[in-house]
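Each in structure tokens, the structures are laid out below.
Consider the two complexes below, in which chain A is the common component and chain B and chain C are the respective partners.
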Partner chain A sequence: MNFWDYLGTRHQQLLTDAYQHASAVFQCMVVATVIGVLIGVATYRSEWAGNLATTVTSTVLTIPSLAMIGLLIPVVGLGVAPTVTALTLYGLLPIVRNAIVGLRGVDPALVDAAKGIGMSRLHRLARVELPLAWPPILTGIRVSTQMLMGIAAIAAYASGPGLGNEIFRGIASLGSKNALNQVLAGTLGIVVLALLFDAAYVLIGRLTIPRGIRV
Partner chain B sequence: MSPTPGDDPHAPRRGPVARQAARPPGEHEVKGLAFRDAYRDEYGEDPEGYGAEDPAGPGPSASPVAREPRRVTWQKLTFLPALLAAVLLATWLWFARADLDPISRNALSDGQVGKALRQHVELTALSTFFVLIIAIPLGILLTRRRFRKGAPVAMALANTGQATPAIGLLALLVIWLGIGERAALTGIVIYAVLPVLSNTIAGLRANDPTLLEAARGIGMSPLGVLTRVELPLAVPLILAGVRTALVLNVGTATLATFGGGGGLGVLITTGITNQRMPVLMLGSILTVVLALLVDWLASLAEIVLSPRGLEVRS
Partner chain C sequence: MSETPERPVPSPDPRAPGAVADQAGSTATSPAAPAAASGATIELENLTKRYPGSAEPAVDSVSMEIKAGETVIFVGPSGCGKSTTLKMINRLIEPTGGRIRIDGEDVTDIDPVKLRRKVGYAIQSSGLFPHMTVAQNIALVPRMVGWGKARVKERVEEMLELVGLDPGEFHGRYPRQLSGGQQQRVGVARALAADPPVLLMDEPFGAVDPITRDHLQDELIRLQHELHKTIVFVTHDFDEAIKLGDRIAVLRERSHIAQFDTPEAILTNPADDFVSGFVGAGAALKRLNLTRVRDVEMADVPTVTIDDPLQDIFTKLRASGTNELLLLDKRGRPYKWLRRGDLMRAKGSLARAGTLVHDTVTRDATLRDALEAVLTDNAGRVAVTGRRGEYTGVVDMETLMNSVHEMLEADRLDALEHQHELEEQRARLTRKEQEGDGGGEAKA
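And now, the complex of A and B:
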């Protein structure tokens, strides 16, 4: 059975896996973005807290994902829970870092001007600082998503959802005729999903980055 | 020991002398006006004799040695190793008291933990070595005039490569090359070459073209420009690439177990498939400790090996 035949006969399964992969990554990214930006907003004004957040996130980023999942299993069990926890945790890191860098990079004169025309703290944050810090945050989201695509594949080993299952099925049946097809389908599926997400982010960037600061 | 007056070792001995004598090195007189080479701003260094002319006033702190900040602070040297040692100690104490069932004991017996750890370190070190000897020369080649057209292609390839899941790449290689350490090693190397390559290219490209022009202008050969100007200037970025490679490789090496390559991943997967939490925990903790240790060592190397003139001072 060649690859195209394989895709033809298994497309139902593959589409389900692809959908689950994309939806797991997407949902975790939404949660990670919200939490990451909140952490950034909470810490960027203090030198100490901001640096602590950056150091902690970069330390966690060096932990291999399989080890992280391994540490999570005794706590939350197998299945969707460790996948979602690990994905959200890893997804946070580039976003927190970029949010802090972005928010600190906002010209203080602009914030001062906003204060001068009578904007409240919350208003300044929502109308001035966050829109200006949005491009780096969006870059962080892109980096996170690419990373999560690969981590989600590994999480399938802890009975997580997604295309990683296809790859692990292939590894389990090494030597059989379908092993290559399964691994190839899983891998290429993830690459395609990653590229689709990336294209979507370019579009989101076009739509959401204020025209005045577009490069 | 009582210093005789006027011979205080802390007194600015150079100051008055330098001022009376001809202008100190780096200062010239142009049409009666004093000019000073901008050594300090350019390099953050304080060549002999400059402390004396400091507007803040010559004093004990003005000596070049005293104002040099320590590159490696003691906090940086001690904090992480202490933390990791504490984690390892806690794990060991926990294991000494835990009572393991036969399956767990079997998985951890006969020095299998040591073997897995050794394999893991071996995989990481070997793959990093190969990554460096492939990526750095390739990066240099792709920034030469003749091959410069290839650089965007390599960069685009690097970006797509990032989207490929490591586990899928490894599985494909295992199918192609067969089970064993070779497939695992190849996969780890391929996965890390691209980030280091793009780091090297970015580092060499970021060099100020006027410096290269100047180097050529004083008659340096292309090889001389490369080895004496370009590479030293790109050292920080290349070292950052090495660090990236090391950290990536420790992580990818955990996946080597899926291709029969051994490593600490063996303990993790055994723990998951047999539902034996002690084995799983031990594998995971050792992996985490190894990753953080490697990152720490690489960060020290980054600080120590960077050319001093390129340091950013706040």
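And now, the complex of A and C:
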């Protein structure tokens, strides 16, 4: 059976896997974005808190993903839970770092002006600082997503959802007829998904970054 | 139009009742006549800022009273604390001691956000938010204080007109699509959008080129003429200070007031060496910057309009004692100078006769500008125009000389009187001291 025949006969299964893969990454990204930006907002004004947040999240990133999922299984069990937890944790770093850098990079004169015209702290954050820091934050989100696409494949190890199952099945049955096809289908599927997401981010950037600060 | 009535800012403005009536009557705005909620008084009492870890206070016990509708300039060398003093008025920098009262109300301890919404604030390089359009920037404060959509929109257009930008053209632009001068205008429009009685300006024209700065200064003078806000303006440029200020506070280190007086008084009678050093050379020439053409007596030349029949023009020329006539165009603007011989030589054709008017000055121009124009004009006179460019008079060397002499004489008298007052005051103080220390101590 060649690769195209394989795709033809298994497309139902592959589409389901791809959908679950994308859905897992998407949901984790939403959670990671919310938490990441919150951490950024909470820490950017203090030198040490900001640095601490960046260091902690980057330390998390150095843990091998397989080990991380393995460590999470005894804590949260098998299936979706370890996948979501691990993906969210990994997704945090680029977002937290870029949120802090972005928020710190807002021209102090503008913050001063915002204060001077009577904007409250919350108002300033929502109307001035976050919109101005949004381009770097969005870049962080983009980087995170690309990373999570790959890491999500590992989730199959903990019986998580996604295209990783295809790859693991192939690896487990190396030598059999469809082994290579399975690995190939899973990998290519992830690459295609990553490209689609990236295209979506370009579009989101177009729609959400005001013309006045677009480069 | 006046904004205070519907959403009362807690400042009791004595002019408010009149403004209410005006507001009620007109929903359609005419930008030419803003019924301004005009200035409030500002009192600073022993205002002090001490930063932790430094022995000397950055601002040491500044007290001053600023009248409603007055433009006061803080001028001084860099690092003298003038900017800090300004920022304490809207509490961007919290004072460590002293009181601030605006319109009699003590604002030293009220919610700073509330305070800042009734104090306009314009800074160097405009401080516009780059991710918002010009209209959004201007609408910020009115929206925050809760105006309705339609009213905000109307106000934005009005403010753009007020600062001399075409609303249709600039409304939807982003700050980076504007020149430095235009940005600064929008900055001022934003500061004034909610019609605050007080406007603080922190070296607002520091980052623009000299020509633009000059324009912006003229604009500010015109604006203030219409609006009568209380303006506190910080600069390190003394010439800017004399041009704009009703009164100037010359500040030395730690914001100590070296002299707080009218520009005329500071120029003619600097309090000490520090002030005279700051005034610099050429005080008499600088004095010319202080008076505007509209304040001096202008000469008048006979005028005719382009539509008058030739016969009338001849008659007028003959009847008037002068050699010259000023020919005005259809809208009453100076067009050509006509001399006695000109019409003969041009064989009675107005189109060919006379010399075109090259240079005019407005009534708002300073005497210095007028002098410049007179000096460069080959006949030594220049036409003065009103707001729409229409002819209002003529200045020449003679009128200028006369007014300058009168002015300097008046200044000298004022200065003498002032000195006299000061001496008397000092004498009274010494007398008090001599009379007994007890009273003085009780006061302290």
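Operating definition for what follows: the second predicted complex is superposed on the first by the 215 of 215 C-alpha atoms of A that agree within 3 Å, B and C clash if a C-alpha of one lies under 4 Å from a C-alpha of the other, contacts with A are read in each partner's own complex, and residues count from 1 in each chain.
In this section, contacts are C-beta pairs under 8 Å (C-beta built on N, C-alpha and C of every residue); 3 or more make two chains touch, one makes a residue touch a chain.
If you're wondering where the values come from, they're calculated on a predicted model, not measured in any experiment.
Participant: Chain B versus chain C on the shared chain A, clash or fit?
Facilitator: Result for chain B and chain C: fit.
Participant: Measure off the angle at the C-alpha centre of chain A toward the C-alpha centres of chain B and chain C in the combined model, and quote it in steps of 10°.
Facilitator: Reported to the nearest 10, the angle reads 90 degrees.
Participant: Should A:167 be classified as contacting the first partner (chain B), the second (chain C), both, or neither?
Facilitator: It touches chain B, and chain C stays clear.
Participant: Between chain B (first) and chain C (second), which does A:184 come into contact with in this model arrangement: first, second, both, or neither?
Facilitator: In the superposed model, A:184 contacts chain B only, not chain C.
Participant: Have a look at where A:74 lands relative to chain B and chain C in the superposition and call it first, second, both or neither.
Facilitator: A:74: touches chain B, not chain C.
Participant: Using the touch criterion from the header, give the chain among chain B and chain C with more contacted residues in chain A.
Facilitator: Touching more of chain A: B.
Participant: After the superposition on A, what does A:119 contact: first (chain B), second (chain C), both or neither?
Facilitator: In the superposed model, A:119 contacts chain C only, not chain B.
Participant: In the overlay, answer first, second, both or neither for which of chain B and chain C A:146 touches.
Facilitator: Touch status of A:146: first partner only.
Participant: According to the stated criteria, A:131 is in contact with first (chain B), second (chain C), both, or neither; which is it?
Facilitator: A:131: touches chain C, not chain B.
Participant: Which partner chains sit in contact with A:108 here, chain B, chain C, both or neither? Use first/second/both/neither.
Facilitator: In the superposition, A:108 contacts neither chain B nor chain C.
Participant: Once you lay one complex on the other using chain A, what is the shortest C-alpha distance from chain B to chain C, in Å?
Facilitator: Superposed model gives a least chain B-chain C C-alpha distance of 18 Å.
Participant: Going by the contact rule set out above, which residues of chain B touch chain A in the complex?
Facilitator: 160, 162-169, 171-172, 174-175, 179, 247, 250-252, 254-255, 258-259, 264-265, 268-269, 271-272, 277, 280-281, 283-285, 287-288, 291-292, 295
Participant: Taking the complex as given, what residues does chain A use to touch chain C?
Facilitator: On the chain A side, the touching residues are 109-110, 112-120, 123, 127-128, 131-132, 210-213.
Participant: Would you tell me which residues of chain C are touching chain A in their complex?
Facilitator: 90, 92, 113-117, 119-121, 123-125, 127-133, 140-141, 144, 174-176, 190-191, 200
Participant: Please output the residues of chain A touching chain B within their complex, sorted ascending.
Facilitator: The touching residues are 59, 62-68, 70-71, 73-74, 78, 146, 149-150, 153-154, 157-158, 164, 167-168, 170-171, 174, 179-180, 183-184, 186-187, 190-191, 194-195, 198.
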